[in-house]
Structure formats: C-alpha cells, structure tokens
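Read from first to last, the chains carry the letters A, B, C, D and E; within each, the first residue is number 1.
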C-alpha cells in the first residue's frame, strides 16, 4: 500500500467581503492507495473546501498554498488544463445529494459516458457497454433501460449509486466522497456504505470520505482526520481516534452523540458553536469551547504531533493523555 | 463566498444612477431658474442650429429647445412617480387580496391580470388612451391599467409563499388571526421587493408614457413633453437637435432609475428577483 | 400624419388623416426604378386612402389615384382649377337658369376592356355615386342624370347650380364600365346603399377609361398602377406608377436619394435645400381660419363684437405666414386665391396692435381669458395646428387677451367644433370643389357659420348677398358678389381667415411638366 | 395518566390534479400523556411530519379524530385558532424558515404573550426572560434571526412556542438541521423543558439514536402507518416489527469497530400506490406468503407495546 | 424529488402510466379552453373599451359632407350593425367570430380577416427576426457576463444591457435611421421591399420566405435587407432584457451541484457551459423570451410608424384612433392568439428541454 496522495500544509483562502479568509489552515494528511480515509468535522470546519482544493474547483477568487502530491504531481501547482485531465479521470468525486449532483435534464447515459468519452477517447458504443457494466457493478437493476432514463425516475439511493457509477467511469485511483450518505435514509445509507467498502476492496480504490457523522466514519474509514476551524485536530487510525481520542474536540463530538448502549443519561453537548469563516479564534481554534484550555492555548497554534502509531494530535496540553 | 455585490449602495452603477436621479429631480424643481427661456416662449428665429445662444438650438416656432427639455422634466418625472405609486398600491392590494384569499377570488383577479398580460403593454395602453381620449391624464391612467398586474403578481407570489412559510404557521399556532399574521409577517417582506420593482418601473413608466405621447395619445403640443417633442422633431428629420436631446433626456432618466433598481434587485433573494422583470 | 391637401372639407380630411398613421410605404435600396420594363414612376405620399371605388372614394390619395384610372366628363388642366376643360364630354351647354346642363360625349373613348364609353355608363356611374350614399354622394345632391341618347348626358339640378362644371372633374365622379360593374355587384338603384356590393371588386380590378389600370392595391403600403393597353388617348410616358404610403420626413429622404421621383407632402421647411431637384410651390386651396364664437350663450367674451375686432387686428398675419414657410400667403378673404371671386392680396387685414387694444378697451372686458380649441394630432400642408395656435396665443397676449390653449385629438375636437360649443377655434377648410359657392357655408346660419355661433339673422345684409351669389350665373357678376361678401366678413363677424399654406411638390429633374393641382395634387396623366 | 393528546384513525390525503390521491398518513393512532416524550421515527416520506402537522391542525385530515386535552383539534382555516388550543404548539425542522428574517427576535417571541393578552412592553420584557431561559443573551430581543447560529435560532423558535404556555409540543425534526454539538444541546433543552413544565412532547425524527436517548416511548412509522409503538427501551432491545429491527440494525455506531451496518434492500414504495397486504412485505426479510394479502392491524402486545405484524408476539 | 419513486430502482417499470397521448391531449384541451376564455375576455374588454369612447364611429369614418347627410349616416350604421343594442352587437360579433367572420373594417372597407392576413405576417416576420437576433446575442452576452461575474466584462455588459432596456424605442429608431440609412446610407430605410419590386405571391405572408419559395431571389434579398434596420432597433430592448435575464439564470444554474459535478468530471468548460448550464438555464430564458416577444409587439407599434412598416401595430393604432370596432376586435383576437400560441410554444419547449416535464 503506497502513498497515493500526500497533502502538506494545505491552506485555502476564500474571498469574503472583508478580504480573503482562511477556510483551511495548514492541513496535512496522506491517503494510501486502497484505503478509506475519513475527514470529520462540523459545518464550516473546512472539510469540503479541502476536497474542492484538491480538485481545483474552489469558488471564484479563492487561493491556495501548500502541496498536494498525487501520483507524483502537485495538484495545487498544476495548470487548470492539466488538472482538468486529472479530474474525473484519476480523481473522481461523489457529492452529498444525488438529487442535485446528477443533472436533472440529461439522460443517465450521457452522464455516465460523457467524461469517459472525453478522457479515454472511446466511441459511443464502447462507452455504452462500459456504462452498462458500471451500472451493474453498483447494482442498478436493468442497466440497459436505466441508461435511457433520467435521474428523476430513480429513488435517492439509486441516484447515489448512479452518481458513484459516474465517478467510477474512468477508473480513478482516488474517490472523494463528500457526505455521500447524509441525504439518505439509514437503511439506504447502509447499502451505499457497503457498496463503497466493496468497491475499494475490489478495485484497489482509495476513498476520502468526508462526513460529520462519526457513525459512518466508524463503519467505513481506515484512518480518520478530525478537523476544526480549518485545522487538523486529530488524525489517526479509526479505532484509536474513536475509542481513545486525545483531542478534547474529538472527545466532545463523541460525547455529544447518543451513548452507544443507551441509558437515560442526557446528551453532553460541546458548549458554544463552531467558528464561522473569518472568525476563527487565534491560538488553538477550539480553545474558547474547550473545557481543558490553558493559558497557552489562546496564543499558540498547536501543530499535530505524533503521539502513537500513526496518531497525531494538535493539543500540546494533552489533557486526555491519561485517559487512553 | 459572496463578494461585495450584495451591498447595493457601494456599487458605482447605483451611485451614478442615484446621482442622475437627483440631478433630474433638481432640474425639474429648478426648471424656472435653470431654463434660459420659458417652454412656450417664441423668442428666436425658427430651427436654429445649436449655438452659444441656444445650446440645443431652436424649434419650428423659435422656442429654445434647451428650455423645453428642462421644463420637460417637470412633466415626465412627477407623472412617472405618480403612476408608479398608483400602480404599486393598486397592484399590491389586488395581489395581497388574491394571495390571501386564494380560491375563486385569486382565480378571478389573476385571470384579470392575465388578460392585461396577454396584451403588449402599449397596445392596451393605446386602446385605453384612445378610448378615453388622447390626453396626458388619460395616458397616465392607461399606463396604470397596464402596469398594476406586475405588482399584483409579485405581491401575490410573496403572499402565497409567506402563507406556507413556517413562521406564518408558527404565528397562527400562537393564536394570531390569519389577517394579523399576514400583515405582521408580510409587510416587511413585501416592502423591499415592491420598492425595487417600483424603482425599475419608474423607467418603464417614463418609456411607456413618452411612447404614448409619441403616438399622439399622451401629452399634446405645445406642452413641453419629451415624447411629443421627439415626434414633432421627426418632421424635420435632418435637424437632429430637435429630437436628439429630448430622446437623450428620456434615456438618461430611465437609465438612472434602472441603474438604481437593478442594483437593488441584485441585493434581493434571487427567486424574488426573478419575479421582477423590470 | 399629414394632410397635404384635402379636397374634402377639412373635417372629413382630418378624420381621415388619422388613418394614415403611417402605413407602409416602401423605400428601397438604391436601385434604379423601371426594373420591370418601361419607365416606373414612384410617388411618395402619406396615404389617406380607404378605397378606389369612385362611388365611395373621397380622400386625397384616392383622388390622386382615381384621377389616373377614371375619366370624368370635364377636367382641369395643369394647376388651373378655374376653368373646366373637356374630357369624356366634348362640349356642354348650360341653361340660363343654371338648372340644366347638357353634355355631348366623345365617341372614341374606350374602357380598359375595349368596350366604348356610352352615356348609359355615365348615367349609371353618377347615379351610383348618388345612391350608394358614400362619402362623395353629396356631390350629386339634388342632381338627376339622364341619357337621352348614346352620346348625350343631361344633368338636371333642383336649384340653380353654377358649380356643376366645377364639381364634375372630381375623380369620385369618374365613369365606370357599367356592364362589368353590374356583373360584379354594382347597382345605381335607389337602394344602392344596401345592395351595392362592388367595392371589393373595384379595389381589385379597376373599370375605368383612363390611361392606367390598377395592378395592386393596399390602403397602407402601396398602390401600383400599370398602363391601360386600350387607352384611347395618347400613351403616357410612365408605364408603371407606384404610389407609396410614406411619412413626410421619409419622403424627403427618398426623393433626395432618388428612391422616389415625387414627394407630395413636404412642408416648405422640409423642401428647403433640395439641391438637384425641382420644387413646385403651388398655392394650397386650404384656408386656416380662426373664429370667436358669436353665440353669447357659449361665451360672453368671444361674442362681444369689439372683442372679435381686437382679435382680428391683434393677430400677426405676416408672422403666421412666416411660420408657414415659403409659398404660404395670407388669406385675404375666406375664398382661396386660386378661385373665382378671391380677394386681392392687398385687401387682407393688417395687424394693428393699437387698434386692437382700443377695441378691447371699448369692449369693456378686463384682461379677458378665452379658450382656444384646435385639433392637435393632425397636420395640414405640413403645418401643425398647435404651432399656429401657440403663435396666435403669443400675438393676442400682446393685445391683452389671455388665450388658454385647449388641444384635443381631432375626434374629440370635432365633436365640440361641429356642436358649435367652442369659445374660440382654430380650424381649416379645404374646398369640396373649386368654386366659391362652397364658401357660402361660412355665412350666418350655414354649416361653418353655425359652428362659430353665427346664427341666421346675425348679419342680414351678408345673408342676402349670399342668396344672390348662389343663383347668379354670370361669372363677372358672381365674382363681384363674392368680393363684396368677403369685404363685409373682414369688417365684422366671428370668422377671421388667417393663411393659405403652400402646397409643394418636390420632384426629380427627370419628371417633366410637374404641376401642383388643388384637387388631385399631381396630374400623373400629364407628366412627361 | 389521562391522555394529553389522542389521535385515533388519522388519515391525511393529498389531492393532486391528474394523479391518484396520495395517502400520506393512513389510520394512525397515537396517544401522549403529560410529562411524556414520544419519539416518532421513520424514514423520509413515511408520513411522520404530515401526522405531526395534522395533530396541531396545520394539515386537514381526511378521517380520524385528534383530541387535545379532551377538545377536538380542528384544522386551521382563515379564522384565529381557539385559545384553548394555544397549549398545543409546534417546533419546526428548519430554524431558518421558521423565523421571519425581517422581524426582531423579541417581537416574534413576544407574539405569544401579546396574543395571550399582555401589553406590548410586558410582552417584550417576558420575551427577554424566555430567551434567557433557553440560553440566549437578553439582548437577543433586539436582534434579527440572521445574527444567530442554527442552534440558537432553534432555541428562539422554542422560546416562541413557550410564550404561549404550551402543555404539549410537537417537534418536527427539531435538531436534524443542526451540527452535532448543537443537536445535543437543543435536544437536552427540550427534554429539560418537558420535565420542568410537565409538558408532553412528540419528538419527530429520522435519527433513531437520538430518539432512543430521549424518548420515553417510541412509535415507528412506515408508509403512512404506525407499525410499532412501545416503551423506548423495549422497542430498541427487542423490536417486534421486522421493519423496526431493520431500522435499528442499519444505524452505524461510532464505536470505532468498523462494522458495516445492515442493509435493508429495496426502496420505500410510492405512497400513492402502496403494495397490497402488509405494506412492508415486499422488503420484509421474514415475510410469509400470506403477508402479500393480509394487512395486519396495530395489535396490542404485552407491556404497553403494540405492533402491526403477524409474527409479533 | 420526484413524486413517484420506481420500486426497486426499475426505471419506469410499469408504474408510470404509459399514455403520453392522453396527457398531451388533456394538456391541449385545457389549454384550448383557457385560450377560448381569454379570447372571449379580451374581446369583451376591447368591446367595452370602444363603447366608452365618446366619439361616433360614423363621424370618424364618414366624410364630413356625408356626416351631415342623415341618410348616409343611417346607411353606415345599418351596414356595421351600430343601430342594434350594444349587447346584441357583441353577441352577434362573437357569433360571427366563431364562424370565422371577423367583420368588415370601417376604415379600410375590407374584411378584417383580409387586413390581418396582410398585416400580421409583416409584424410577425419582423418580430421573429428580432427575437432570433435577441436570443442569439442576448443569451451569448448573458453567458459571457455570468461566467465573468463581477469582473470587467460583466460590469460592461451590465451597462450595455441596462442601456438597451432604457432606450426609448422610437428614439432609437430615429437615431438608427438617421445614422445608418440617412447619413451613411448603409441600409435601406422604410417599407418591406424596394418599390420597384412587386411583393412575392402570398403563401406565408413573410416576404422573405414567400420570395424564397417563389425563387425570386432579388425580392428575397430586398425583403431581408429591409428587415435589418427595424429588427435591429426592436432588438435593442430585448437584447438588453434577455442579456440581463440570461446572466441571472446562468448564475443561478452555475451555483448548482450538478455543475460542480460536471466540472469534477474534468469536462472542458465549453461543454460544461453548453450542455450542463445552458440547457437548464434555457427553461427560464425561454419564459422570458416569450415575454420579450410580447414587448417586441409593443415596440413594433412605434417602430412600424417610423419605418413605414405595414404591420399590425399600425393597424391597431389606426383602428384605435378611428374607433374602428371590428378592426380593434380583430387585432385583440390576433394578439391574444399570438400570446396563447407563444405560451403554448414555451410550454412545449419546456418539454423539449426538460425531460422531467415530458415525463409527468
């Protein structure tokens, strides 16, 4: 399992009416081929912007710095045209809501094959044949007929399967899945998660799953990065992060969830609310909400520090260290 | 992610527009001071080319075109404001009633609006003006007749969507009567879009009114009205100063209001903005 | 919207002029006319056209067109409308009481289908005009037409009618091919107003004996005439004539570019600096006049004779002439200069502000304010009523009379004008036929007189003169009577003739013998 | 424990032009006691929100009866709601849509008092108190909704309903539009208020784990029907209906175990054309042949539980 | 969300009624009924309006001397049915209309249907020319503005489009005529055709089309040449309107997830804009194009006057000022018909563009 994507010190500035503001701030992580890497965090934590930065699809007037080396090439330094050739072919995306991410007016065939034909230069019938195969891979019944249909004729779960087929069309090495199941019901979500899991096993596909749902994370991810205020709070193997979190924020998130085995105990929310863009506090971005904050947290920006096997935490006081 | 485009008053276009609006209002108010001559004074030789003495030349009766253009603002601007206000009030009331009661009331009122929409504005205005007799007052009425439905549709749409809004439902559950809810919740939501539409509509009103005058159904000569000045200038086609300046005046007034209105529209919610076609 | 020249009374013409709101004329790219063999003549005019059926036609553009299609018993030559000349009738005799006119037809005249023109055709055509009760039927009022033999036509009038030879040249009285017309629904029976259905036929296919026949017809864009192959007279120079509906300002452009050969509706101002073109500046038979209502029930002010005098001397006639442009003249009396009995130019009233002020003082009115009605949406000979009214307002201001302008559309204004309810009015009269008897309408108790509140018995001496003029046959005596009448009208009374505008034709140099005719504007037949 | 809220045989149909009527809720029964939290769960389109809206009167019913405190709840027309029903309030899902963006927070919260007959000044003062009670700064009164975060807005919406002095609140997905930490705090607030004010709460949610955490009893809906009701603990540990079982096992757990949730094949059928027999039978892993034509009613089991399944004991 | 989810993901498996014909028929019947109602409403309005007019059609349409002749007036009134009570006049009229008889115009003395057959195509030809021009230019510039949002091309185009909708049409016509035809003689000025040419044989009433059908190429070129200037002038307003609107709807579409998804596929920007953005944006744009067509008819009234274009606008104007009831009613019906037709066309285009509409 080699490293497929290495992100180093990724910073994204977005244009706001008060000037550029950092949405992602010095983020570093790596994704190995064939693994599922999870990025977790609340809204505004910068997780979606990270994915957009990798694809070169940031909104107008946004800027980036840092490096994101994919198969030896720095995505952030590539010319738009060259990046376009990587996009959809080597790195594909599945987004949150299949009812909005599939084009409502184009046939499934067009949507599954158009980039195949563009990137791979194959003919209409060949692309069609592949599309049929793809649709059966994602378990769409009667793929021939499905190709002639439009997205509105499918249920949410089916649409997401189609969206995944679209993403897989050019056999990419990396799939960026941004909240791939958030818009779906739990019973359907289970199916999609199983599909993702199967695909990465069968196709040696690396998947970056972006989600706020730690339950989803726990089900599919091999390694997890927890983001807060555009920065890494904690990154490490799934089991370590979810069972022995070392960052107070990770701990807080887990505590806010309904307790795994029930009991009438009330939920324990994290006080306050996540910072909005351009209002990220100095020092450790989490310090105003942190129960363990010490004086230095207000000034010093903690960098993620390796504290265990592949486990990094950006919290120098390490108040949970003993709890592990 | 949005940039500064949502703050209308910082936009240069809106500023230019506002400046021109103010300028024209001043011209209208100060016409007697600004104009070198009276609008009907036959003070010079006829059809003189523009010169230092008569900046915009003179017309076929030896009247100073500049003075007539200046006095023209006294005709077009107040009338435009008046009829936009009339249309906005009438249209808003009709729209609110239709949206609020729904059912056959809505059906009837909106079919009426459709009827008006089915006609190209000027043709209906023409018919109305012709029916009532070609006078400026009747032309104003005609323009009101064709312009209220846009307000009715806009307000009806806002009322209908507000009717289904959860905050209205919440108010109703608290025991607010439907009328009170509509007034309390709707007034602040309708005022903005209606104002924006009105700003854009001032331009349209000026255009429509001058169009009617151009057809001879609005202001009658010798009144110094821009549209009718253009049409009398048309008799002397190659004496461009007769029709160029009144037309330019219409253009700048309309453009100014459109600059302001359009910028304001951009600040609105896009779905509301779409209902305002200006 | 221009009335270049109205052959009907103004009111009719004005109403009609609305029709012409402008219609489609065709200007074209700079291509030479005559692309379809022979010479093509393009005439631009602002259409006042409803039909080419002579029995229903009474609009200026219709007169121009029908004059080329239909022959009449008598006609006028060039611009001279004081002398009717033979046409289909070789000669005629009038009885001494001016009640019976006998016409001898020429024998070589043929219709466009080759059949000869007979007296039956003449009787049919004229009786049809009378019985269809269309716009021109008043021309035939009180007249009876009979055809005692194939070449003789007798027109009998109930009243002495010296104007008959002047009426007959009107193209509305053109002679149609009665056999073909009857086959297509035409009738001259008493109830023709209900039973005659031939109008559409006449608009598709002309049935005259004139040099041209109708090729295509539209009331809005253009009428195309082509040569009548069976024409009995000398062949005209132009084999095809296109009469296009064009606004005056565009006419100017087209004729300058050579896209048309004749522009009919230009005002003197528009006809300036025309370069290499001929400008025929004929006088118009139209007369603009002002009236101050003589009916005290309508206005105590305007009916005051001294006020009327103040107005009469307060108006700057020369200024109005200047406004009307080159070729316009003051109307010294109500009868236009081209007609018998017109006053010499020197007899016109001169402005005299002092006299006017004195009269106003005598009237006992302090700073009187009066309302002046006029139609604001029409032009006559390129003149706006509004412009003239604005001038009159300025003139009277100097005398001490405040004039409130009351413009209205011609529809609205006509109502009050015809109802005689206007305090002051600015209107125009175009003759129905070129004879001074048409102007007896201006006398007290008559059509126009009543509109000015001039009731019967208001000026007995004038009325008596009028009665005499109506029945006098001898031209010299008639002329003297009309001069007398106009002198009296200029001394007192509610009606003040103002100006007679210019009637201008602008034509290409290539058009020979271009003359302006008071009745049909251009005599296409005579062009060389 | 007398029923605070009682819905019997409620059915709601939507009529659409050119299509068969859509029966969003089909003979649903629910009861709620004072001081009780009832969780109403189900997947999207199962009719849980429609049922909630029908209960408060925002949605007309085709048949069935809803009684609040013994009084029938009539659907809202143009007239004002009877004062007796002010005790029955609703909290909506989207705190962005349920607050008027152009009215001051204080005015919106004060409405409840104002309509209860207090003076304007008094209403404003008490609105301030209420806002503090739900954990917002007192100066929130003079601010507009857009100045608050999602969680705070939902608190404002809750404060608004509290102004009417409710004894029963229907909360329609009150936390699903919020961030994880805000979800917990809003849910906690609701629970706290129920206990403190001895209200009843119907907590409508698609998130089983939250319902499990806070609800006393849970009702599960499928395709317009209530298929199972019972004390939360029992429903969770021993689901009687196969659908409930499937729902529970599909919930992923954030335990770091890497266990993939169980998939329930198929989609929810079109509610305008529900399958015959038991509505769940096409997707049911344990369906019998008879399930295709026998439509089991909601049958009472032991321990206050009921389920609509022939296999339920 | 679609209202009907196919079971188990089989698209359209038996669930959806496969009777597109039935749906279309019902749609057409409903449309037709609405159209009929609108027509009746419009004639009623037009009729009422003309009854309000103080003037007398007899006075307006008879010559002055004829008006003084009671017999002529009576003949006129009897001929046009004006001697009947007003409601009877209306009912008679409506009855005739349903038999395809629009009456005889009082001012042109021709059957109104014949007049309209001549004038309506002239205006439609002009308006079609202008709308096509406006759509091409307006949408293209709108897209340019949208993709360059808030940068200089957008700002510039914004001024251009606002300028377009702010110009008094009649004045633009004058300026354009003065400059392009008079001063520099680049384009033919007035009318539909060079006067030496005869109109082509009537098939559609569109000179350019009829000429082409008849193979009269010189006539066709002349007709096209004459269309240029007036349609340019007409298009000034609609280009501005469509540009502004296209920009807005393209911007709205650009914000959609599916556009981002298309970009994430690595498609060239051109493909993204044309296939993924423009198509959905067209739904909104053609709605406005329908409205724009209406405003073109308005503009036509003014432009026809200046360019001596024998169109329905002029006919309407002349009917209105002459109190020509049959003419006014005829124009009203035609205008309503055009309105209905355009709405129908717009609806059908929706179906072409958006399969979801076709399917439900």
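Points to keep in mind about this one:
Criterion: a residue touches a chain if its C-beta (ideal position, glycine included) is under 8 Å from a C-beta of that chain, and two chains touch if they have at least 3 such contacts.
Please read all numbers here as calculations on a predicted model, not as lab measurements.
Note on connectivity: the fewest steps through touching chains from chain C to chain D is 2. Using the average of C-alpha coordinates as each chain's centre, C ends up farthest from chain D.
Between the chains C-E lie more C-beta contact pairs than between any other two chains. Rounded to a whole number, the gap between the C-alpha centres of chain B and chain E is 23 angstrom. Centroids of chain A and chain C (each the mean of its C-alpha atoms) stand 90 Å apart.
Separating the centre of chain A from that of chain E, both taken as means of CA atoms, is a distance of 51 Å.
In this assembly, the C-alpha centroid of chain B lies 44 Å from the C-alpha centroid of chain C. Residues of chain B found to touch two or more other chains are 3, 133-134, 216-217, 234, 237-238. Within chain C, contacts with two or more other chains are made by residues 247, 250, 253, 377, 409, 411-412. Touching two or more other chains at once are residues 155-158 of chain A. By the touch criterion given at the top, residues 165-167, 169-180, 184-185, 188-189 of chain B touch chain D in their complex.
Residue ranges on chain C touching chain E, taken from their complex, read 8-13, 15-16, 18-36, 40, 42, 50-51, 56, 58, 133-138, 141, 193-194, 199-200, 203, 216, 218-222, 224, 242, 244-247, 250, 253-254, 257, 259-260, 377, 409, 411-412, 414-415, 418, 432, 447.
Residue ranges of chain A in contact with chain E, taken from their complex: 55, 57, 60, 84-89, 92-93, 95-97, 99-107, 110, 114-115, 118-119, 140-142, 145-146, 148-150, 152-158, 161, 163, 166.
For chain B in complex with chain C, the residues that touch the partner chain are 40, 42, 46-47, 60-61, 133-135, 216-217, 220-222, 232, 234-238.
On the side of chain B, the complex with chain E involves touching residues 3, 5, 13, 111, 114-115, 117-123, 126-128, 130-134, 203, 207, 210-211, 214-217, 227, 230-231, 234, 237-238, 240, 243-244, 247, 250-251, 254-255, 258-259, 262, 270, 273-274, 277-278.
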